[in-house]
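Here come two complexes built around chain A, the first alongside chain B, the second alongside chain C.
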Partner chain A sequence: MMEFIESKTWIEWLLTIAKLALAFIPVLFILLLIPMERRGAGFIQDRQGPNRSYIKIPFFGKIRAFGWIQNCCDGLKLFFKELYEPKNVHKVLFSLAPAIPFGLTLLTPCVLPYFASLNFTFGDTVVHIPAANVDTDIGILLMFGLSSLSVFGTVLSGWASKSKFPLLGALRATATSISYEVCLGLSMMGMVLLAGTFNVEGIVSWQENHVWGIFVQPVAFFCFLLSAIAETGRPPFDVSEGDPELVAGYHLEYGAMQFGMFYMGEYGHVGINSILMATLFLGGYSIPFMTTADVQANFGGVLAALFGICAFLALAFLHMVYRWLREFNKGKASNKDEINKEYLLYKIIAWVAVPVFIALAIASGLFLHPEATMVNGAPVYGIGTALGTAAVQFLVLMVKTVFFCWVWIWVRWTLPRFRYDQIMHLGWKILLNIALLNLVVTAVIAKLVMGGN
Partner chain B sequence: MLALIYFIILAVVAVGCSLCIFFTKHPLYASIAMVTTMLSLAGIYGLLGSPFVGVVQIMVYAGAVMTLLMFIILVLNGSRDTRTKRFDKVSIFVLLSVLAVAALTSIVLCHASFDFNPDTVRGGVDVTAHTLFDVSASGNGYYLLVLAVGLVLLSAMATAVILARKRIASDPENAKLEEVH
Partner chain C sequence: MVRVVKHKEMNLIERLYIFEAFRGLYTTIKHFLRGFFRYETLPTTGYPEVKPYIPRDYRAKHRMMVRPDGSPRCVACFMCASACPAHCIFIEAAQSADGRIEKKASRFEIDHSVCIFCGLCVEACPVDALRMDTCETSFVHPKRKDFIVNLTDLTSWNPKDYPDDPQSQVAPGGTQNKQALEVWGEVKC
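Up next, the complex of A and B:
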């Protein structure tokens, strides 16, 4: 056992264990996705969306944080509700079922890299830490294998509820997600073929050094997008639930946090699929036109640009706040004082943030010049630069992912719902064939252009 | 050492769950136990240095085959099987053969050295790809075999489609009867 512990230095152990926290990122997406979905729905339907809940703080009064407090309220409500079971359900399976999709949401992203592998000098040793929690050459296959298991949660919940509606909902949800998993896997294979590896980090570094996946595999990208939306069972593919026919589908009989776990599983799945799409087709963590080595060499400049963008975003936020308040104060609302006080807090925060960001940008641009030591002909930097690069890359990946999360909501509120047979027709007769053709064409072209066996 | 601990945990789970498949009377419990068996088997494959085979085990058996099986149980209104006896005359032979296999395995285990190196890769992606498709390295035996298996699977799929079609299209009255039932 001592051998095993001593096989790594303490900094390697620390970072390897700290990396485990990355497993929670898709679940944390729920914090972003719920307000985004509700306010986004409001935005698309030209209404406000739920933003009335507030917390009261001393001077500034009721703070609503643009609807984020509503999120906390809902979460608290779900946590403190009684766990309720209908009379005739199959007790064991009924309570086992919600745990499966939720648990798999924590397990599946283990192969996803959120930043390039860390390479840095520590003392007089060179430390290498792979980005993914499970760094293996079967990477993405493991991910698909694990995520295909979450169907069991649906099946079991539908059966254990002992009710017709959940059963039918589970049947439909299972059939949809099984059929679209095939398309998902096939459309991903094109990228795997081009990169020549199943390792997700290998795929990303291929894109970093050549071109983003969406430019070489546009057809596969759209197949992947469609089947990813369908596989999570989100609208317009939400046949498993429907108010006039099936009520709430397979989570009809669930309440409180058991329902919450299904909900978190679903949103976590959306998060994972968004990360996967960003990783496979939008270059993952890579910054456009820069490889990881470039970023590390010009780390000061990159940080300066990042803080500059942050300052610009803060200014844009301020502009929106001022414009909205001017319109609001012209109107005849009765709670003008309250709202103005609340917005005063946002204004103060943003006005503090702007100079801080600008100062940080100037400081990092002028004074940050990391020094490299050459190891085997490649420059290796210190731990600060390595972690900083990782943070920047993580932010870039999150921006891409949030864009895809928005696509999810956008599609939901734009397209009408499909009928069940239309979904099956689309999946098996159209998407599958397109994905197969795309794979064959990609294979032929890759053979002709790149050679190899 | 660590690999041995993992192996013992996975092996106990695998054997226990496969015993569960036999002794539970509920088809859904049995299928869940089977899924768990598959998963722990996949873990053992990974431990033996063949992560690719392990992942295929998860994807194909646990992910696809067992899902379909559960799907069928769902449609067939699965409930506890109270009619079939747990032991009858046939199970004597089964028990005897199980005992024989156990004895054989224990003899082999006693004679073989019980250590393996988890670091050697026996069936990674590279190794599998080179064995199967690199004709210059391993001859075209495996390559032809893969093609043949692909053809067999294709023909099986076509047959399934044709059979299903015949069933639906040929006899409308029969289909109606089935629906009522």
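Up next, the complex of A and C:
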């Protein structure tokens, strides 16, 4: 036991345990996805979307945070509702089923790297900490194995409800996600083949050193996108909850937070698949045209650019706020004082943020020159630079992921629902063939161009 | 005669669906960007704070017109109550104090929880006493009996809210009340 503990220094243990917090990131995406979905849907349909819920704070009054408070309201409502189950349900399975998809959102991302492996000098030792919580060579296979388990939640809930519609919905959902998982796996194999490893960090570092996956595997990317949308059971592939036929699908009999768990599971799944897509095809955590070593060597410049972008975004936000307020104050609304007070808070925050960001950008650009020690011919930096690089890479990955999350919502509010036979036709007769063909072509070209192995 | 609508045959690109799907995505992103960057141009309004425009001839809550001396114009002829398909008007007649006029309404009540806002009472009124041009469209009350409006409620409107209507300006407080009162004269018993 003591030997196991002493096999690592205290900083290694600390970071390894702190890394476990990364498991909660897909769950946190729910906080982003709910307002994004609801207000995005609003804007797409020329509405305003939910923007009424507020928290009251002294002086500034009702703070609505552009509809983000809606999250709390949705969540609170679901939490405080009574857990209800119909008469003849299978009690154990009925209460177990919602936990499965939600629990898996915590478990599935264990192999995903949110930043490059940490390599830094600590005292006179060189510490290496892998980025993923589970750093294995079967990485992506493990992930697919875990994520396909969420089908159990679907099928168990349908079965345990002892009702026709949930059962039909569950069968449809199961069939859809199982058939599209085949395409999902096959379309990803092209990238695995090129990178030559199942390790997700290996795939990202291949992209970092060569080119982003979307440019070498555009067809695979497209197949992956479609099957990922279908696999999560989101529109336009949501036949499992096609309301004209099946009322609400497999979670028909659920209410309160049990229903909420299904939704959180679904959103978490969307988050995970978005991260995966960004990781496999959009270079993951890598900054365009820069490898991790480049970032660390020019860490000050990178930070300066980052803070510069933040300052620009804050200015753009201010511009939007001022323009909207000008138009708003021309109108005849009866709550002008309230709104102006609320926006005063946003203006103050943004006006404080702009100079802070600019100062940080200038400071880090001028004064941040991390010193490297050469270990085995490669430069290794201190812990500050390593963690800073990780933070920057994490942000970059999040930006890419949010873009894909938006694609999910965008597609949902654009395309009408497919018929069930159309989904199966698309999955088995079109996408699967394209993915297979793509794999074969990739393999042949890879053999010819890259030679051996 | 049966009208036959012939749809255009879809060409190959349209039948492939994928390109049409991208066109659809383009359309929705346009709408999204307009909502995101030009929020103020959205056609919807925040309702309770920003009231929508309601034209004068919209059949809204009723009001009772008044004579220059402030008494209701109603002569208790029961025309409106007879015309009402929902039977929501209740009138009790009494002798008028004015010798020129036979009757007046001692009670005139409209139950807005029953009213169907058809406007037939307004059409039926021979003396232009009843109108539906208040532009008040929201009827929210905690109790059912609050929906019943009586004569006091019906006559308690302000002439300043109807600046373009000469008949309303005749009422006490209106711009033409003075002349109208001279023409109308004193109440003769």
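Things to note:
What we mean here is this: the second predicted complex is superposed on the first by the 452 of 453 C-alpha atoms of A that agree within 3 Å, B and C clash if a C-alpha of one lies under 4 Å from a C-alpha of the other, contacts with A are read in each partner's own complex, and residues count from 1 in each chain.
One rule holds for everything that comes next: a contact is a pair of C-beta atoms (placed from the backbone, for glycine too) under 8 Å apart; a residue touches a chain by one contact, two chains touch by 3 or more.
Predicted model, so just to flag it, every value in this text is computed and none were measured.
Once the two complexes are overlaid on the shared chain, A:6 sits clear of chain B and of chain C alike. Applying the stated contact rule after C-alpha superposition, one finds that A:410 touches chain C and leaves chain B untouched.
Within the superposed three-chain model, A:158 lies in touch with chain B and out of touch with chain C [touch as defined at top]. The partner of chain A that touches more of its residues, comparing chain B with chain C, is B. When the shared chain is aligned, chain C comes close enough to touch A:324, but chain B does not. In the superposition on chain A, A:142 makes contact with chain B only, while chain C stays out of contact range.
In the superposition on chain A, A:337 makes contact with neither chain B nor chain C. Every residue of chain A that touches chain B in the complex is listed here, in rising order: 1, 4, 93, 136-138, 141-142, 144-146, 148-149, 151-152, 155-156, 158-159, 167, 170-171, 174-175, 178, 181, 197-198, 453. Against chain A, the residues of chain C that register as touching in their complex are 21, 24-25, 27-29, 31-32, 34-37, 39-40, 42-44, 46, 48-51. Residues of chain A touching chain C in their complex: 40, 42-48, 320, 323-324, 327-328, 331-335, 410-411, 413-415. Interface residues of chain B, counted against chain A in their complex, comprise 1-2, 28, 32, 35, 51-52, 55-56, 58-59, 62-64, 66-68, 70-71, 73-75, 78, 124-126, 133-134.
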